[in-house]
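Presented sequentially are two complexes of chain A, the first with chain B as partner and the second with chain C.
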Partner chain A sequence: MRRSFPICAAAMCLFVASEAQDIRVPASAVAGEEASISTTGSGKATFYLIGPGISSKSDVNLGEEIHLQAQDLRNAGEYIAVVCSRECHNASFFVSAGKPHRLTFLVHPSRVPVAQNDAVTGVALPFDDFRNLVTTPETINFQLTAGNASVSRSVRTQDGISWFRTASGKSAGPLQVVASLDDISTRRAVQQVASDPCNLRIKGERTATGILVETEPVHDCAGNPVPDGTIVTFTATVGDEKSTVDAPIKQNVARAQIVASGPAVISAASGVVMGNELRVGGRP
Partner chain B sequence: MKIALPIILVVVTAGLMAVALYGSGSGPATIGIATGSAFYGLTPKASSPQQALTNLLSDVQRRNWDQAFDALSKTSAIDKQSFIQDWIGSNGSLRAFSNLEGFDPRPLHISNGDAQIRVRLHYSTPVGPIEDVRDFHLIREGDVWKAVWPKVEVSNVPSEVIPVTYLRWDLVTGGADDQWGSKSVDAPHVRIISMNAVDSDEGAVVMGEVVNEDTIPAFVNVNATLVDGSGNPIDDETSFDKIAHVLLPKQVTPYRIDFPSVTLNKVKNVRMDVKATLVPASADPVIGVMDQKLDSDVQGKAVLHGHLLNQSGQTVNIPHVIASFYDNNGKVVWVSDGYVDRALLPQSSEPFAVEIPKSLSAKVHNFHLVVNQYSLGRS
Partner chain C sequence: MNRILSDRCIAPVAAVLAFSLASVLFSYAADPAVQVQLDVKEASPRAVENLTERGILRDYRFAWTSMAQALEFNTLDPLEGPFAGDARQWLRETVISQQRSGLSQRYAAQSHKLEAVFYAPEGDVMELRDTAEYDLQISGGGKIIHDEHVVLHFIVLMTPGADRWVIRQMQAVPRF
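Entry: the complex of A and B
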């Protein structure tokens, strides 16, 4: 029954579409603000209001203003007002979103390697107090701060959306991204992490139990230390035998103990990055 | 007539029982079926090396440790406790969760006084059936044969303090107030760096390697869908346990996906899908793989063998080795895996071997090995 009401009302609108208009709707209404509809004539009538998320029916007196509560106009969009006494008359009006009250801000990714082109994207959408997308053009300021460096750019919304895309910075660490519109601001953080190891170099020495091999401090090509826990694979080849250890980096250095008594050729790799080769003589 | 029928039934039943009890010991051993006598005192006399070994292994299967230990020669260099531990495992190893399902003996040498018998032992385990090959030495003592048990080398770990200095990643999930919930942290970035599809005796196999390119640990699973010429999926499988699921940053793992009873001539396309999720993980334990060498085992099979060396301070209950094999061009031509049925104690080593199909052994030019580990009570 509830569903059939708007359908019937819409049908009535179509039926009376060609009739002379006896009600006057507001030229511009704002979501969440009161408005009024004026009527002509006299006597009792029934008033219907159909809009996004609302359909209501009330008794009114013709010739008086129909007062629309702020509660009735919460959602932005097109509304239809219908007044029926002996016959029905209707008019439609548009309720636009109110002033921006909050910014929805999406930043992707949450974690990005340094020095990557077009790696960070952000999208901001202004909404009013009633979660209506504000489609009137607004200027949103994006501010990106990493360490002491800061850049900002202003982007005007188009159909309620503004966005940016930028390269990640050169230094690992948090990248603060703030989107602001007037006195509203939303903050997001992107973790900039070291990229692949660069110039992976190893050194080693023979010990009583084998060969102790370790990397020099492991950095990416921008000089950022590669995070602890990153795996470095050491491979020692002794004759036709091979020994491998997957060792995690700890305090910039990965270290492994390899059991081998003969002369060995040792290499290192981290992911798809190869390091240098090292030759260690046999045990005297 | 009333009495005759019950008497006949009793006699026939007794006859069948007698045939079952005495007949089973004399036949050839059958995989998966315990041979020998079901009752104490009815075990066939160990008058031949084969019968002695069958008696011994049947007792091991039934866990009749007293009788099994009695079947050993007095010259054996083992005590009863070590003998039992040799069969049932310890320290939460895979052997501790296994059962000897069957055995398949093959004499290598038999003379009047001693014999050498090679036995393929078939175990059922939580990770599937596992086969082990063991050589038994038997000698004649009087009119019976007995097995000579070698000394079991048990890792002796001295008391020491090993500081734990490796990283651990914990995962904090967002609460209800978190605007974006758990989506605030992106999934780890992993990439398939190689893929190859081949036909094998068991069906089509898709294999390759995956790398975790991120700076956080990832739980990885690889799926493959075989697609025919019309674009319809033929089969869809995952890497299951043929992959090291938890990958630390920049770690590379082989993967293998088996498609039993599918041949590649029906396949037009292979759709790969790698899924990665963020998981808590630890960089400990570090397990070195020493003395890796391509060789042949006692059965003439091509194997990659070596030793796993636990460089940490915690016991690894079930080590699992996964190896990728490359040809001259660096292309992955095979991936195989194997479980080690003994626990890897701190600072100690255990041997391992993984098999390579004979047809591929000549092509293999290089290999890469990762060690997966399952430790009781740890994620």
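Entry: the complex of A and C
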């Protein structure tokens, strides 16, 4: 009986000294900024912090503030703070993304024919310094510049995303697309190229070895020269026989040599566009 | 004699098989498969194709199964396929940090209500909102220090990889 009293007293003392009554976490915390957690009670305890990218364990004194380093709160998300002495108490809090620091900007396509509706699209996502998606609404300005012409529009982010879709311009050449938010900007370029050929016309003449046929300079309907490498297919019909030759456009013109000694009907096509028919007489 | 021998052999084998089956059934009962419901009706500006919907469902479920494995057993391997970019980075950091602190997290009875809210015009990124519900146990040094039924909101970015959709960003938010 005499020995049991000091043991009980010590146990009660431990109970009183190491009981955490409460744990208070930050109401709002920002990624990459320091924060603190307050505890009540007294005595030694173990503190755990579990969150995205962190799982730490340290010894703390109850009743003192627990200091959370900026490094521990880099990632936005939910964090759980647990303080264990005689028993464990916990509380959770959210860390939100910091100010936008960079813009991820996806623009499609990299090459587009002119005068196409809804042909160019861009998606912009703001991220903070620690690569957290900034989900609070931000206004992103999209500016599209081709030659001297420029258009811009502002789009508010929704859950961290804003986007646009627009028609391609009338002239071939580079289209600069810039997404900006405050003093951050990201630039992309889209190459606008001529659309399908328009009024494809061919001419030809008989040579010693056959027929030399070539197109007139090939342009799209807006007058942009169709890019080199675009294929023009020449089809020659001699009697009941047909033969085809594919020729790439070089410096606006596609040329082909067709072997045929009799009268021939020659036509040309590029993509879905048909050209005129050309009749060439037989070799004299 | 042979009959007796074979009977004697069969009995322990059957017992082992029965035990294994019971263990398997028990483990499934304790940790049923991750439940995912996906709603793509509100996805815009691009509509989500049927095949894509099935792929997202499959890959999102796999990602959470893998994440749960990684955080329970403190191993990095499960994170390699289903996660990419920043999501993989912070998950790796969590696992490495758990290895140091001796903690582990157990996700059980997972259920996810997933809603596709943005699908890029060119199909190269999808944003989803997940209302996730699960039992979370955090253990350290052989004892459970935290045990809670959790309902959390996540904003998730997924992008198509070579053969699957991968999670690039996964951020818990207080509310949508």
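In this section, the second predicted complex is superposed on the first by the 260 of 284 C-alpha atoms of A that agree within 3 Å, B and C clash if a C-alpha of one lies under 4 Å from a C-alpha of the other, contacts with A are read in each partner's own complex, and residues count from 1 in each chain.
Keep this in mind: contacts are C-beta pairs under 8 Å (C-beta built on N, C-alpha and C of every residue); 3 or more make two chains touch, one makes a residue touch a chain.
Only a predicted model underlies this, so the values are computations on that prediction, with no experimental measurement involved.
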(request) Mind working out whether A:G271 is in touch with chain B, chain C, both or neither, as first, second, both or neither? (result) first
(request) Answer with first, second, both or neither: which of chain B and chain C does A:N132 touch in the superposed model? (result) second
(request) Report for A:G77: first if it touches chain B alone, second if chain C alone, otherwise both or neither. (result) second
(request) Please indicate which partner A:D240 is in contact with in the superposed arrangement: first for chain B, second for chain C, both, or neither. (result) first
(message) According to the stated criteria, A:P52 is in contact with first (chain B), second (chain C), both, or neither; which is it?
(response) second
(message) Looking at A:Q257, would you say it contacts chain B, chain C, both, or neither? Reply first, second, both or neither.
(response) first
(request) May I ask you to decide whether A:A91 touches chain B, chain C, both, or neither, giving the answer as first, second, both or neither? (result) neither
(message) Going by the contact rule set out at the top, does A:S110 touch chain B (first), chain C (second), both, or neither?
(response) first
(message) For A:D159 in the superposed arrangement: first (chain B), second (chain C), both or neither?
(response) second
(message) I'd like to check the shared interface: which positions of chain A are touched by both chain B and chain C across the two complexes?
(response) 108-109
(message) For a test of understanding, state which residues of chain C touch chain A in their complex under the given definition.
(response) 45, 86, 89-91, 93-94, 97-98, 100-103, 105, 117-118, 120-122, 124-125, 127, 129, 138, 140, 145-146, 148, 152, 155, 157, 169, 171-174, 176
(message) Which residues of chain B touch chain A once you look at their complex with the stated criterion?
(response) 165-167, 169, 184-186, 193, 211-217, 248-252, 283, 286-294, 306, 309, 311, 367-371
(message) Touching residues of chain A toward chain B in the complex: what are they?
(response) 108-111, 193-194, 196-197, 227-233, 240-248, 250, 256-260, 270-273
(request) Spell out the residues on chain A that touch chain C in their complex, using ranges where they run on. (result) 48, 50, 52-57, 75-78, 80, 82, 84, 88, 90, 94, 96-97, 106, 108-109, 121, 123, 125, 131-133, 135, 158-161, 163, 165
